[in-house]
Amino acid sequence: MDCEILENTVLLAIVTLISVVQNIFFAFKVENESKIANSKSSQKTSSPAFDKVYTANQNCTDAYPTFLALLWCAGIFCSQGPAAFAGIMYLCVRQKYFVGYLGENTQITPGYIFGKRVVLFLFLMSMAGILNYYIGVFFGSDVKMYIKAVSNTVSPFLLIP
Amino acid sequence: MDCEILENTVLLAIVTLISVVQNIFFAFKVENESKIANSKSSQKTSSPAFDKVYTANQNCTDAYPTFLALLWCAGIFCSQGPAAFAGIMYLCVRQKYFVGYLGENTQITPGYIFGKRVVLFLFLMSMAGILNYYIGVFFGSDVKMYIKAVSNTVSPFLLIP
Amino acid sequence: MDCEILENTVLLAIVTLISVVQNIFFAFKVENESKIANSKSSQKTSSPAFDKVYTANQNCTDAYPTFLALLWCAGIFCSQGPAAFAGIMYLCVRQKYFVGYLGENTQITPGYIFGKRVVLFLFLMSMAGILNYYIGVFFGSDVKMYIKAVSNTVSPFLLIP
């Protein structure tokens, strides 16, 4: 494969690999809980603990393709560094969400959606990248440097809890 | 990133972004319904309305990675324009399916699968693109122009309900 | 699209298309079972057979984006051939898992996770590819040939049941 392409996607690939590790970690949690639930009872009843971990995993996997698509669009069409950084932030938020989902004992469940800010950031980056492409095509001017600088500057704000 | 690659994927990226917006819209519907269901009852019982919107969202997210993979394969290996058009059609069908799923009061649920025609179209485009690649490799002739013309001609038929 | 890119991804695209066909096959199984379950009873009760096929399909779709991401990372950053071969092996394992899930009558359900070995292989390939990229950047030496030879040699071991 062309070296330039690898250079422009290697950080995204690393974030993807980390996200895969996290996915597999979540899946093992579900697997373990399902084994415990099955060994305890002879019937196929579902325990509340299994339900919780299953739903948490389900909510995470539901949002996963959306996240991957945004990560790669933002990374390829705009700027790789901030996109990968936002990806890492998303994985942290997801970890926190998953652990929080398992730990909570109150009636109020955590929402279905998490990491709204990171997703919004990646979405805006993708939009900016695509807009910049069309500006380049129609007006001949390239504002990519400017967009990259802005996303580099904005990305640390994702750290604010 | 190489300008030629961006040129050949920008429409696909736009369709992907629109699909992401739709995904998030579906997720917010689930989130809202879950809040309503939780606020009404002190127990964690699931209301029929929540079940419906959850299942509709689940069916859509189940098919999402398949759709994305087909969209990008068809766009990259065959022709970008018709693939993006079919993608937009798929998103319309999905919107209709989601709304229809929520609205229906009859016993018969809408099927698990939707957008069969669009998926088939994208699949055939991908197949044609890959076949064309191997024809180019083994026989040296390039029938890409022909395939592009055919898919351009066929794609409007997706509009027929 | 650039011919070199197509050359380096065509096998991955073929595996992706086959996996899509399998996904759709699974979805049709769910669709059929849901129709049978709905026609039998006037109420929307779920039959055990429907539950089984739905869960099997759910477990497969849950793992699907992870698989796709690994397949393409391994194929692009490391070597296409072994990655595609591992992809085919994964699809076989998945088929076996799905059929096995439907057929089993015992109390013990098959686990939530399947194809661990193939996923691990693809993950190690991706890791090796990314490491090789950074070795190339920092030390100027390219060990890609070596990694490709190793993954070519190791991949047949996936055939061992």
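For this structure, a couple of remarks:
Letters A, B and C mark the chains in the order given here, with residues in each chain numbered from 1 onward.
Criterion: contacts are C-beta pairs under 8 Å (C-beta built on N, C-alpha and C of every residue); 3 or more make two chains touch, one makes a residue touch a chain.
Fair warning: this is a prediction, and the values are worked out from it, not measured in the lab.
At the interface between subunit B and subunit C, two copies of one sequence, fewer than half of the residue numbers in use are shared by both copies. Its C-alpha atoms superposed on subunit B, subunit A is turned by 120 degrees; the angle is given in steps of 5.
Per-chain Cα centroids separate subunit B from subunit C by 20 Å. In subunit C, 2, 5, 65 are the positions where the chain touches two or more neighbouring chains simultaneously.
Of all residues in subunit B, those touching subunit A in their complex are 1-2, 5-6, 9-10, 13-14, 16-17, 19-21, 23-24, 27-28, 30-31, 34-35, 38, 42-44, 57-58, 61, 64-65, 68. Every residue of subunit B that touches subunit C in the complex is listed here, in rising order: 2, 4-5, 8, 62-63, 65-66, 69-70, 73, 76-77, 107-109, 111-113, 119, 123, 126-127, 130, 133-134.
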